[in-house]
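What follows is chain A paired twice: with chain B in the first complex and chain C in the second.
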Partner chain A sequence: MLVFLPVSLEEAFDAFEQCPDAHFLAGGTDFMVEVNFALRRPPAVVCLRRVEELQGWRVEGSEVVLGAGITYTELLAPRLGELLPGLAQASRTVGSPQIRNAGTVGGNLGTASPAGDSLPVLAALDAKIVVASKHGRRSLELADLIVGPKRTTLAPGEVIVEVRVPAALGSQQFLKVGTRNAMVIAVANVALVADWAGRSVRCALGSVGPVVIRAREAEEFISARIDWEGRTPPSDGDLAEFTALVRSAARPIDDHRSTADYRRHSVGVCAERALGRVFSGDNREASERTSWAS
Partner chain B sequence: MGELIDYQLRVNGRERDVAEAWLGESLLYVLRERLGLPGSKNACEQGECGSCSVLMDGKLVCSCMVLAASAVGSDIVTVEGLGDGDDGLSDIQAAFVAEGGVQCGFCTPGFVVSVHDLLEHNPDPTELEVREAVSGNLCRCTGYGRILAAVKAAQETRRG
Partner chain C sequence: MSTVLDKLRGRLGQSAPRPDGVPKVRGQFAFSSDMFAEGMLWGHMLRSPHPAAAIRSIDVSQALLIPGVRAVITSDDVPGRKTYGLDYPDQPVFAWDVVRFMGEPVAAVAADHPDTARRAAAAIVVDYAPTEPMTDPAAAVDAAPIHPLGNVLHRQWVRCGDPEAVGAVVVEGRYETAMQDQAQMGPESGLAIPGEDGGVDLYIATQWLHIDQEQMAACLALPLEKVRLHLAGVGGAFGAREDLSMQVQICMLALRTGRPVKMVYSREESFLGHVHRHPAVMWYRHHADRDGRLVKVEARIILDGGAYLSTSTAVTMNASCMAPGPYLVHNAVVEAVAVRTNNPPCGAMRGFGSVQACFAHEAQMDKLAAALGMDPVELRLRNVLKQGDSLITGQVLRGTAPVADVIRTCAAAPLPTGGPQTAAELELPGGAGRTAERTRVRRGVGFAVSVKNLMYGGGFDDYSSARCRLEDGVATITCAAVEVGQGFVTLAQQIAREVLGVADVILAPPGTADIGSAGSTSASRQTWMSGGAVQKACFAVRERLFSCTATKYGVSAETLAILDGRVVSLDGQIDIPVFEAAGGEVLEETVEFHHEPTAELDQNGQGDAFVSFAFAAHRAVVDVDLDLGLVRVVDITTSQDVGRVLNPVQLVGQLEGGIAQGVGLAVMEEIVLDHGRVRNPSFTDYVIPTALDMPPVHIAALIEEPEPGSPMGAKGAGEPPMISSVAAVVAAIRNATGLELPRAPVRPQDIALAGASRGPTLASSPNNVEVSQ
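Let's look at the complex of A and B:
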């Protein structure tokens, strides 16, 4: 038996013990591209799609706990979308309905592409990622899980099981630049959270570096300048400085999808708009903003 | 190629045997090359074009992105499983014919499956919802106008 279809984590760990060179498979939308193009020849596969512990989501106190097997389509459903608006906006820009029905948050983390759309949102929300193996569980920050392009600190036999994020935290925005609004891999993407209670802005940049980048200097600058009581929009000068700091935090490269210069430019535009929308009360549904007909 | 595996898939309501298959074969490959179901088309093999769209456990997916051996125990419906009319066509297929939503025809099965899925879950979509529902299906001939007209026609026929 070379393909395992476990229904519990315990069965998944047992399968891995039998076949230590097996690949853990989530939605397949990255993995199968590599297999179809003969870039990967898996000796064995442990499919996680039916593992009970990875399904669904729940609220625990002020946190939402997402099973790693949750799909982008599930993240778009109204109730979860209200609790995690940034993640819903990001999910809506992923692929097509077909891809969103298959792709999962756990898979996005495991693939660790610099362009993964859920990753900036998880970084901006300071998500905790819970991974487990036969030998126990541990909880990690995103920056300690993903350490390079397609490189994670997952140990052999470790599975991403849960993602824990604060529920309905402040105002959240996700913006993405690509060649069209559907079926596009990000040239640049940005997640921004304005935490009104905590009086801080958090801003994470994707596709402009080997891993997701938190624009810490930009965050600190704008957090200190914002009128948190009055919620008045930042001045043009502050907005310009914020945008410049975001651009200087980016570490983009030239590749087949974009030039580094364009990436640096567009990540600034996205961050500037995201911050503007937080204050303009622009609460239009992500559907209006991201539809290709708009 | 490594060891070969045997398994069964439930496709269009029938249990089908897959014998001596390489474990990395996609569902699309198995449907077309092993089970004699060439309706799902093979183009990009990377989830971009939608011409291989099928329903797996009631969810629209690209069959090129599904590891076939992982679909054991799932209900798979291909374009071949959708026809129900006297002429073997579903109402959506008939609407594509009537509205001229088919030119070279290569993308058509994928569109038909996507539109079936859409109208199943949302019987009265807006044009924007239709456009988004087929955003993962590429057509290089029609410019989409006649395809959207076919969806509208099928929608109106169902509404009665």
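Let's look at the complex of A and C:
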């Protein structure tokens, strides 16, 4: 088996051109599971860990640019955690320390699992995902990249290069329901962003549909009802309506991890709690809480 | 100097270090999956993808064409008996006409490379005609048989007293426990090496070498002595290794190819390839008088045995005899039935029938307490079994029975301080997912008590063999008792040090060639049985040591003793090191240790079927997210009847490990089945507790009342921790939520959606469970 160890995107593209049936490998935390289950038999592998352009992160204007190779552990570090508190919260829920050290955001996008924990946050932040190949670069919304369970619109040889998200946007919350208290695949997960300046609430739901779902009706409803000036918590009635709209946005299924009814129920509870926290000041804590990682 | 050594290395009662401890934590211990032999091939099993199907044909020709493939075998190639089984051989080595569960072996391959073997297995063409699987155990009782031996694997009645007796207060309930997996860390693995004599040497991780040997010899059509088993490093067992897994098949491949063959199950295969804990449906009705004294217990228990018999008979016996729990009951009518279905076979797992019964009888005791308006602990104390009392089987408890003590000490221990309002965020229900809202988290406390019979009974002549050899002051112990992690290797050394006063104790590798059977490492029996055999062998050697010394010095052997590695006489005249006392002679003794005989149960489940009983109490504290139904177990406090503490650290290990498995069954562990198909055969989806799910364990008391008949006074301690911990955790969740929660594990939706979609009422009539008589 051929293994390429490119150090630049150019080299990665060249490797792919040389070996068009090669698979891209990042942290391997999904990839190797598939290999072990004999679900994936890569004829050749292009390793992305050394590719300069995929590493690290930077701030450009009001945006944070994350290299696709950024790991969950890196996202949990205090500085980045403050800029992207929702992503830090989501990162803390991923797997175990070993998985967080190896697993990357690019890999979470590449796998495109309906339960991927970074995905609702990226959706709620309206992230732009930059992908590139020998033939050029394009920038996509999450919904245009991930189009089904484990299905992306990546063309052969196309590499996820970076993810662009607004820095320190409003208040952010991420909640994940699983069948144990750590290291578990989400039965449901919810990301919520309250953009105080933009006067909008954005709420994305994971594991309750084939792809991450933006609860648009719920967002519009609550955005219109919130007292953005006074920042007073929504009324119980508004909260209940918001929760109901979130639930109706979900399209969950029954499987061996849970039931559709419970998933629908729990995204509602999580969204309601997320919204409550945005107003309770719990969010300020959230960015500080990123010190969990260490 | 030897005093220091003894202290350092541990005699009985001390926390002697495990001889395999350091290598295990350093990753240097060779587990069965680490074995290698020059020129070895890799075996791989082809398993049925269907829970039920007729096999029309099997075509292996394509597999044989793959380069590197050395052998492909099916049922036609089995040289001897085509079936095996611990109790009765009803399980095929390879399925021939029909497959009865998903994962049943159909063929096996040996090839140069594991991947080649896997590909070759995939190239075997099996023409299946799938049939409707029979997966409902209640319906299976009267349904068309799915095996020539019928669908009722075993039915056990236990009747005592007056079946018409009634109490002033009656409570009933229907309870369920799910199929639990042992989830041992080491997957099944073995290495078979063909011998020059036409026999075979098998290095295998198992629980009982000699019973494997017996079953294998019959299938391989070889005399016993040509089937030589050697214990390979065992990565946990918990019952999963009691039945044969690959033993016969890899030996067949080795004999066929004339080359060593290694096989290692993947995790998925491990889930499909070993037995599980029987799921149970249990209907109970308790009668009591107004003071809370039990008048009568009625129970019907249906155990899903899956496709083959395995140990269902003994599990059924335990579940029925232990049905009322550790309480005095004069009138009882209990029926337990294990049935055959097209679900995965069920057999041994830690707690063995008692776990299921305990879940039900303890829920019943709480219900009864509520009906009487009585404190649940007080109600239990009013009914506890005591020495001299009779079980519902008519057996009189002659051994120690400190049930009241375990209850009192456990209940009196202080509760954890704080609560959900002050708990660290990660320690709230939902943990790392940050879902909890403190105002919506409620704390609950639950209490449960259990009884477990120890060792094999029911008329079975249970024994263990051991040899002690003393040479140059070094003792060598030979015993086929399997170390599965419980610490028998430590104990055997402790016993030899204690009896012989030597510091150095070597343990010979366990195998079938050098020594007789040690019986199974299960049923909480090895400390008593093989510990007893080792002790007896050491005593025999000590006798000879004393008689050598006595002859040499012209004193009476009765005046001699061993003190700190020296043989001394009471008058102080003789004081010589042990190795000198033997006078250069090698002293060797081989013994068998048998426990007191037991009897078979009669038609009505009456008889002295058991040797001894151990009791435990657990108190669980949980925090529950009322809206999401997520649970965090905050604390488990326990008291256990252990007879005598032989190694404190290892004992605590058993308590903590058993509680971890109990917490698992209470809140998360379940093999999810869909028409006989296992939906979650991986550690991604079969979740077991992580460090964040496992609460601190507080030991309120270890009750040390030496058990008569036990060689060192100790009672087996491995199973009780997992029995009442399940019931206690679920009781605590009931306490927090006010819900009935009749099923373990409790799933989030059982709590969160209880108001919305409450299913059929759960405390229902006996007619809910149809059991033909």
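Brief remarks on what is shown
In this text, the second predicted complex is superposed on the first by the 281 of 294 C-alpha atoms of A that agree within 3 Å, B and C clash if a C-alpha of one lies under 4 Å from a C-alpha of the other, contacts with A are read in each partner's own complex, and residues count from 1 in each chain.
The criterion applied here is as follows: contacts are C-beta pairs under 8 Å (C-beta built on N, C-alpha and C of every residue); 3 or more make two chains touch, one makes a residue touch a chain.
Predicted model only: the values in this text are computed from it and were never measured.
By the touch criterion stated above, A:L76 is placed in contact with neither chain B nor chain C.
Within the superposed three-chain model, A:G28 lies in touch with chain B and out of touch with chain C [touch as defined at top].
Using the contact criterion defined above for the overlaid structures, shared-chain residue A:P42 touches chain B, although it does not reach chain C. After overlaying the two complexes on the shared chain, residue contacts for A:V3 are found with chain B alone; chain C is out of touch. In the superposition on chain A, contact of A:L140 is made with neither chain B nor chain C.
Of the two partner chains, chain C is the only one that A:C270 touches; chain B does not reach it.
Of the two partner chains, neither chain B nor chain C is touched by A:L192. In the superposition on chain A, contact of A:S258 is made with chain C only, not with chain B.
By the touch criterion stated above, A:A123 is placed in contact with neither chain B nor chain C.
Applying the stated touch rule to the two superposed structures, the overlap between the chain B and chain C interfaces on chain A comprises residues 36-37, 181-183, 292. In the complex of the two chains, the chain C residues touching chain A come out as 118, 266, 268, 425-426, 429-435, 437, 627-630, 632, 667-668, 672, 674, 679-680, 684-685, 687, 689-693, 747-749, 752-753, 756-757. Contact residues on chain A toward chain C in their complex (touch as defined above): 36-38, 89, 92-93, 174-187, 189, 255-259, 261-262, 265-266, 269-270, 273, 276, 289, 292. Taken in their complex, chain B has these residues touching chain A: 2-3, 5, 7, 23-24, 26, 45-48, 50, 53, 59-62, 64-67, 69-70, 72-73, 114, 117, 128, 131-133, 135-137.
Contact residues of chain A toward chain B in the complex are 1-3, 5, 25, 27-29, 31-33, 35-37, 40-45, 47, 49-50, 73, 95-99, 101-102, 181-183, 291-293.
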